[in-house]
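What follows is subunit A paired twice: with subunit B in the first complex and subunit C in the second.
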Partner chain A sequence: MTSFDAIVIGGGHNGLVCAALLAKGGRNVLMLEADAEVGGAARTEEFFPGFRASVAHVLNRLHPEVVRALDLEELGLTVSRSAFAPTVTLSHDGTLILHGAYGEALTGATASEQAAWKNLRAQLLRYAGVLKPFLSRRPPELGGGSFGDMAALGQAALAVKRLGKEDMRDFLRVLLMNVYDLLDEQLTDDRLKGLLAFDAVLGSHLGPRSPTSLLGLYYRLTGESGGAPGAQIVPKGGMGAVVAAMRAAAEHAGVAIRAGAPVAKIVVEKGCATGVVLANGEEIRAGTVVSAINPATTFLALVGAPLLDTGFVRKVKNIRMKGDVAKLNLALDGVPGFAGVEEADLRGRLVIAPSADHVERAFNPAKYGEFSPEPVMEIVLPSLTDPSLAPDGACVLSANVQYAPYALKEGWETGKPKFLAAIMAQLEAHAPGIGKLVRHAELLTPADIEARYRMPGGHWHHGELQADQMLFSRPVSGWSGYGTPVEGLYLAGAGSHPGGGISGAPGMNAARRILAERAEWRKAS
Partner chain B sequence: MTVATAMTTGNAPLDAPSHFRTLRLGTPFQPRLDALAKTNDWYNWAGYRAPHSLWDEELEYFAIRSQCALFDISPMTKYRIEGSDAETFCNKVTLRDVSKLKPGRVHYTAWCDDEGFVLDDGTLFRLSPTRFRLCSQERHLPWLLDSAIGFDVAVEEETESIAGLALQGPTAFACLRAAGFAGVEKLKVFDLAEFPHENGAVTISRTGFTGDLGYELFIGRDMALSLWDKLMEAGERHGIRAIGYTALNRARLEAGLIVANADFVTAEHAIRSNRTRMPDEIGLGFMIDPAKAHFNGRRAILEARARKTLRHVLVGLEIDGNVPAEHAIVYHRKNREVGLVSAAMWSPMAKRNIAIASLDLPYGDTVTDDLWVEIYAMRELKYERLMKRAKVVPRPFIKLDRRTANPPADF
Partner chain C sequence: MAGLGSSGTGLRWHENGTCMKTWDAIVIGGGHNGLVNACYLQRAGLDVLVVEKNGWVGGAATSRELTPGFLYSNCSYVCSLFRPEIMRDLELPRFGLQVIAYEGGAVLTQDGDYLGNYRDHDAHRREFARFSKRDAEAYDRYARDVTRQCRFIQPLLMRTAPDPTSWKPRDLGELLYLGKKFAGLTPEEMALTLRFWTMSISDFLDEYFETDVIKANFSISGIIGTALGPMSPGTAYVLLHHYMGEVDGSVGAWGYARGGMGAVTKALAASFQASGGTIRTGAEVEKVLVKGGKAKGVVLAGGDEIYGKLVVSNADVKRIFLKLVEEKELPEIFLRRVKNFKIRGSSGKVNIALDSMPEFPALPKDSPCLRGDLHFTDSVERMERAYDDWKAGRWSADPFLDMMIPTTLDPTMAAPGKHFMSCFVQYAPPKVEGREWTDADRDAFAETVVSQIADYSPGFRDRIVHMEVRTPREIEAEVGLTEGNIFQGELTFDQLLFNRPVPGYAQYRSPVGGLYMCGSSTYPGGGVMGAPGRNAAKEILRDLARPIHHMSAAHDVI
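Let's look at the complex of A and B:
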């Protein structure tokens, strides 16, 4: 029987970050990945001979402390301004383009709308900035009342206060508002409102008019690239290149990585995690077990409800995690033309969300278990940034499409071809002739994503990222600090604070918590 | 995995559907109780109409101690727990080690929430290797069903379909023998067995809530009245008397037994956060077994012990004089308030003024001298305020050899 200081279950990007940091902290770390390759939904895979793509396709929130701590830039990752990609809104009323870091400059809109956007953008970034420090630390424990927790809350209060009286009042007024009404207060251009509404609800089961939908936009804007808040990058080499850099960092730090090694069970003895049993029966022991996979899978499948308190099991079972986003990968014979979009801008992110009303209407059927007949989506052509992703002259189109409810009422078996047709109709409307270029189409519904990436509900965030499942309530109240009721077992995945997206923040925070606890334990003994 | 969620309805007609017309349900023994109820002194026991007394609460008490008393325990909440994982399920839910509870045995236990606060106490009957009956004061079906996740076990509420009787007192065995339950003399304390009755069976256990020789009988609702009649007829020459709760409550206090939501507040009933209690704080610490398999509240309970964050202790008190100190405040050195009496009486058996009280630590634990209780005795529209010395004494307040004697005494 082999023994390690720490075992990290799950080689998604958070698992890699956590493992690398634990190893840098002097731990002897083993990482176990169920799939043949690490990276989870960020790994780049061939979906048709010669064509490669990944589920996560835009980098917009990789945490700067993760980049620094893992030396990712030295390992080949570019997150500087030169790599920033624009966002283009596709609309029959002409395109709008947000240049630089989330629309530092806006083209295609009237002068007054540009001025309004400048104000709104500044305000959104200011308000998101108040919340940003929470990303890289564990949420304050309510009632726990440790000095650090109180200090964190105090700092947040101070940051709000620092906004000034008017801004402070406005920050508190809009915090739990819906994005639709806020946009209506300040903007008039439907295309711009559509884009912001889309960005606010992307990845969640909310429409723009749903209460608290603005939080999604704040979450998006707490992310940064190359020091610029809101900036996005279509990474060279696909998202797989980001994963490769993280893997390299982990391996340099001494992490032993075993792929194709699914964990069947976390071994718990007298309330303490002591190791894992693999699906093949092999037992590996470790003083610390870190689960960078879904929290519900961790507790209900790997630990098992019988070994957990009933109240805790109730909470875990109540985590809402039914995904609403489908992933479309198209293998195209050539680069498609999008009406009104310059060739250079095709390297950016193209969004079909012509108005906030359109996004809301797309959401309506999802409430009742039906897909959107006119779905909204963000499109990336990653092979334009990295030609190696497609054969010469050919092109990869990668799109996140909303809304595609996980539990489709009619079932995805019959629903999927219909949904694909609805998506293609939208694409055809904005890129006439694209249908003829399609050599192969791969549509991953949330059910497919669940099966392929072992993400329950096919949910990006491993748990809806809404107010009731954020901060001290993530993944469940009372256990937001990466620790669990099982001593020696920690969580490090997107299901934990702050949430999903390629940020590495949950993995980093978990590693810090584990290393700090050990230091404390050493001091005490 | 099979987890049943049903309330058992059985074949017998139940009162539940008319709950909004019948605000207090009758138990399966109601026709007999009604016929005997001279005082018409009813109270609400978990939604049932139950007697405080039937004819004379003093004499009813003495029926327990000198004859035998028949008490209807049908309103007690009862759960049927069955399945291949029934033992491990019970072991997770309750504090004591169920793997040590053999088929045909009963033990007194308690169960806690995640924070280690007591949800209830009760008795767990092991009817077979794979079947249990859990009896308690409060209702817990949602908690039990959620606790069953991951176990092959079915949990059903059987409060309405199973009738229960307690037969307690020195002639209890003689009464059962006279009723024809052959072999009942073999039952030792906390044993249970099935005995034929009519075309079915009655489960008899040597258990009770009085500290006396006594038995509890469980039977299907449809055979309830014939069982009552058989016992009353057989017990006539052994002094059998039907009794109400007031008499039983005195007997249980002498026996030093606690009542949920009388001597402590259960976790789901407590509104104020400092009213909840851990097992150690209500004298149930002996149930905690850190070596057994995982149980609800384990982490919190062991942590509270390690960090010494327990704040309360439940003690027996002996108080000077003969005025019951019910709900009196307990003082240290007559001035510092350190706790409250939850039950008190002049004990005819112990010939002592006894009480159960909850005290704030360290009082009652390391500080036990100079304790006082302040009794307000209403005397013709005027309170006589008495400050009486109290002494911490072990429970039970009385110990009766006949409770455990084997074979049980015949008369």
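Let's look at the complex of A and C:
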């Protein structure tokens, strides 16, 4: 029987980051991945002969401390300004483009709107900046935490006070506000409002008029690349290249990686995790077991309800994790012509969200188990940045589309072709003739994503990233510090603070906690 | 220039009609908060004048005879949240207020069934069991969890919200009080409380119940008066207000005011006048007189000037500062924030005089539910779709009604055998697709209400003697509530607590010296509670270094 210091379940990017950091901290680490490849939904895969894409297609929040700690730039990752991609709002009223890191400059807008945007952007970044330090910390303990916790809260309070009285008042006022009304206060351009509304709710079961939806925009703006908040990059090699760099870092640190090794059970003896049992029956021992997969899967499938307190099980079952994002991959004969978009800007992120009202209207059906008849989406043509992703002259189109509710009332079997038609109608409206270029269309609904990537609900945050499921309540109230009721079992995935997206922060925070706690641990055998 | 019961304190008048006397306080608006405020100030020894634009006091808490023989509670219709402490301090029962408790109500379902609501916990539970045994069991857990949240919040309603941007000892003290209260919870309770405050009522209920109609039944509390749907985050906490109102065993518990909601304000007016206060009706204030940055009195439409050492406004914050006070008197940031204050109306009212008691075959004969609040929206989805219509600038095609027939318990509002039916309707937008309401809109809106009731009550239309239909247009015109918002401002996070009505001015004072706010635009918000009026009075008396021992502190209800 083999044994390790630590087993990391799940070879997604958070699992890789956690494993690498534990190994760098001196532990003997085994990482187990169920599929044949690591990376989860960040893998780059061939979806049609000669055409490759990743489900996660834009890098906008890989945590700088993760980049540093794993030396990812040495391992081939580029996060510098030269790689920043613009955002283009597609509209029949002409395009409006955000250049640089999230609109450091705007083209296509009136002078007064540009001035208004400058103010709003600065304000949003200022406020997001107050919340940003919390990304790389575990949530402070309520009810008397450590000195470090108090210091962190104190720092945040000071950061808020440092804003100055009136700014602080505005910060507190808008913190839990809905993004729609805030945008109405400051901007008039529908295209700009539409984009911001879209970015606030992408990946959430919320509309721009939902209270607390501004938090989603803050989350987006706490992401940075190359030191620039809000910047985004279409990675060369697709997101799989980022995963490859992480994998290299992990292996370099000595992590043993086993793919094709699904875990069936976490072994718990006398309230302590002592190892895992694979689907093939093989048992592997370790004093520390880290789950980087969905928390509901971890507790309900791998540990099992009988070994957990009823109240805890109920809380886990109540975690809302029904996704609303569908992924579209198109294999195209050539580069589509988006009306009004210059070639250089085609390398950016193209967004169809004509107005904030439009985004809200798209959200309404999702509340009732219906898909949006006029979906909103963000589109990337990754083969323009990396020609190796498509055959010569051909093109990949990758899109995240909302809203596609996981539990579609009519069922996705009949719903899928209808939804695909709705998406293609939107694309055709902005890129006439694109329909004829389609060699192959792959539409992954949240149900498909769940099946393919073992991601319940197809939800990339492993649980709605909303105020009542954030921070102290993530993944459940009382268990937000990566520890679990089972001694020696930890969580390190998107379902923990601070949430998902390609960031690595949960994995990093979990590793730090484990290293701090288990400082004297020795191999169990 | 007739006044109601002038106190004869030696008023002197110029020939041009201006009054020479300087009142200790002038209260603009005789709505319930203005009257509460005036009462407390008068009882503290101030000489107070209330000026009201209508010919009657009460604002939105009135009883009006709009057709012979029928008394309508034509806006507010149920006495549920009125603070018992205020009721006792101001001796309202002595001045004629009688609240008749009612048993509960029901939600009628589309398949001909109904879910009854009962006060008694066990009766409630048994009724749930008719639909789902699991839900009946969950009800105990639900009640326990909501009660826990109520206990935390209730004393907070009667305290002034602290300013977190201030270093003043009082604010720090209040923040510490809140902190300690919070710290009194276990870490898990803390997290649950924080979570509860940001959840939607729909998500919260999903954690307990599986039956649609049961969830719809509870969701009603979460959305009445708001411009939100049951699936909007932040609607769960409103449950607390209604839960607290329901279980309060003291005077003022959930029920009908005998004689309609006007009885509440009549009693307040009587209490006020008995302490020596003066009310002047038919006197619309056009401007607040401001000299040297200080409020000196008011100017009525028509030119009369009345002087006061301080002025308290019951009008909503937009009305005061965008209409009654000159822009130049206000700091730019404050003005901007007031302009951004959201006050979009979301409800309407249809008041119906009936010449006989309507039948509801879905309910058992003589069911006590008929004496309570009836609803026909039997699922959260229908309620949310009604909200979607509001967002699109239309009244709800399938509206949600809170319908009551107070005459089943209160014989004073109509002749024997005849009835007054009050329908509170959601949703109705402040403007219809961006333009003003027309009479045709109003009638079409009314029709959605009547046809819904008629679906459940055979022969309903034939019983209708008279109907008064109030959309946000009528509510604004008659009562002075901007955009027809009944709470004088939306109840969203950005406009609650220390943000209400605007950050930095959440303690009833305004940027103008001597000008205070006491209406529902202030903390803790709307509903016929009286808390804003009372809290404002407390702050005023504090500023004047006057005693406040006649003002009871909040008592624990649960």
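One rule holds for everything that comes next: the second predicted complex is superposed on the first by the 518 of 525 C-alpha atoms of A that agree within 3 Å, B and C clash if a C-alpha of one lies under 4 Å from a C-alpha of the other, contacts with A are read in each partner's own complex, and residues count from 1 in each chain.
The rule is simple: a contact is a pair of C-beta atoms (placed from the backbone, for glycine too) under 8 Å apart; a residue touches a chain by one contact, two chains touch by 3 or more.
Note that this is a predicted model, so its numbers are computed, not measured.
With subunit A as the common reference, the superposed partners subunit B and subunit C fit together side by side. Residue contacts after overlaying the shared chain place A:D468 against subunit C, while subunit B stays out of touching range. When the shared chain is aligned, subunit B comes close enough to touch A:L307, but subunit C does not. With chain A used for the fit, subunit A forms the apex of an angle whose arms reach the C-alpha centres of subunit B and subunit C; rounded to a multiple of 10, it measures 60°. Applying the stated contact rule after C-alpha superposition, one finds that A:P417 touches neither subunit B nor subunit C. In the superposed pair of complexes, A:P485 makes contact with subunit B only, with no contact to subunit C. When both complexes are overlaid on chain A, the residue A:N318 reaches subunit C alone and has no touch with subunit B. In the superposed model, C is the one of subunit B and subunit C that contacts more residues of subunit A. Legend: residue contacts after superposition of the two complexes on their common chain; A:P262 is shown touching neither subunit B nor subunit C. Of all Cα pairs linking subunit B with subunit C in the superposition, the shortest spans 5 Å. Within subunit A, the residues touching subunit B in one complex and subunit C in the other are 314. Within the complex, the subunit B residues that touch subunit A are 88-89, 92-93, 113-115, 143, 146-147, 149-151, 290, 294, 296-299, 302.
For subunit A in complex with subunit B, the touching residues are 268, 270-271, 300, 304-314, 317, 485, 487.
Within the complex formed with subunit C, the residues of subunit A that make contact are 141-144, 161, 165-166, 168-170, 172-178, 181, 185, 206, 209-212, 314, 318, 320, 360-361, 364, 367-368, 466-469, 472-473, 477-478, 480. Remark: subunit C residues 164-165, 183, 185-188, 190-192, 194-196, 198-199, 203, 206-207, 228, 231-234, 333, 340, 342, 381, 384-385, 388, 391-392, 492-494, 498-499, 503-504 touch subunit A in the complex.
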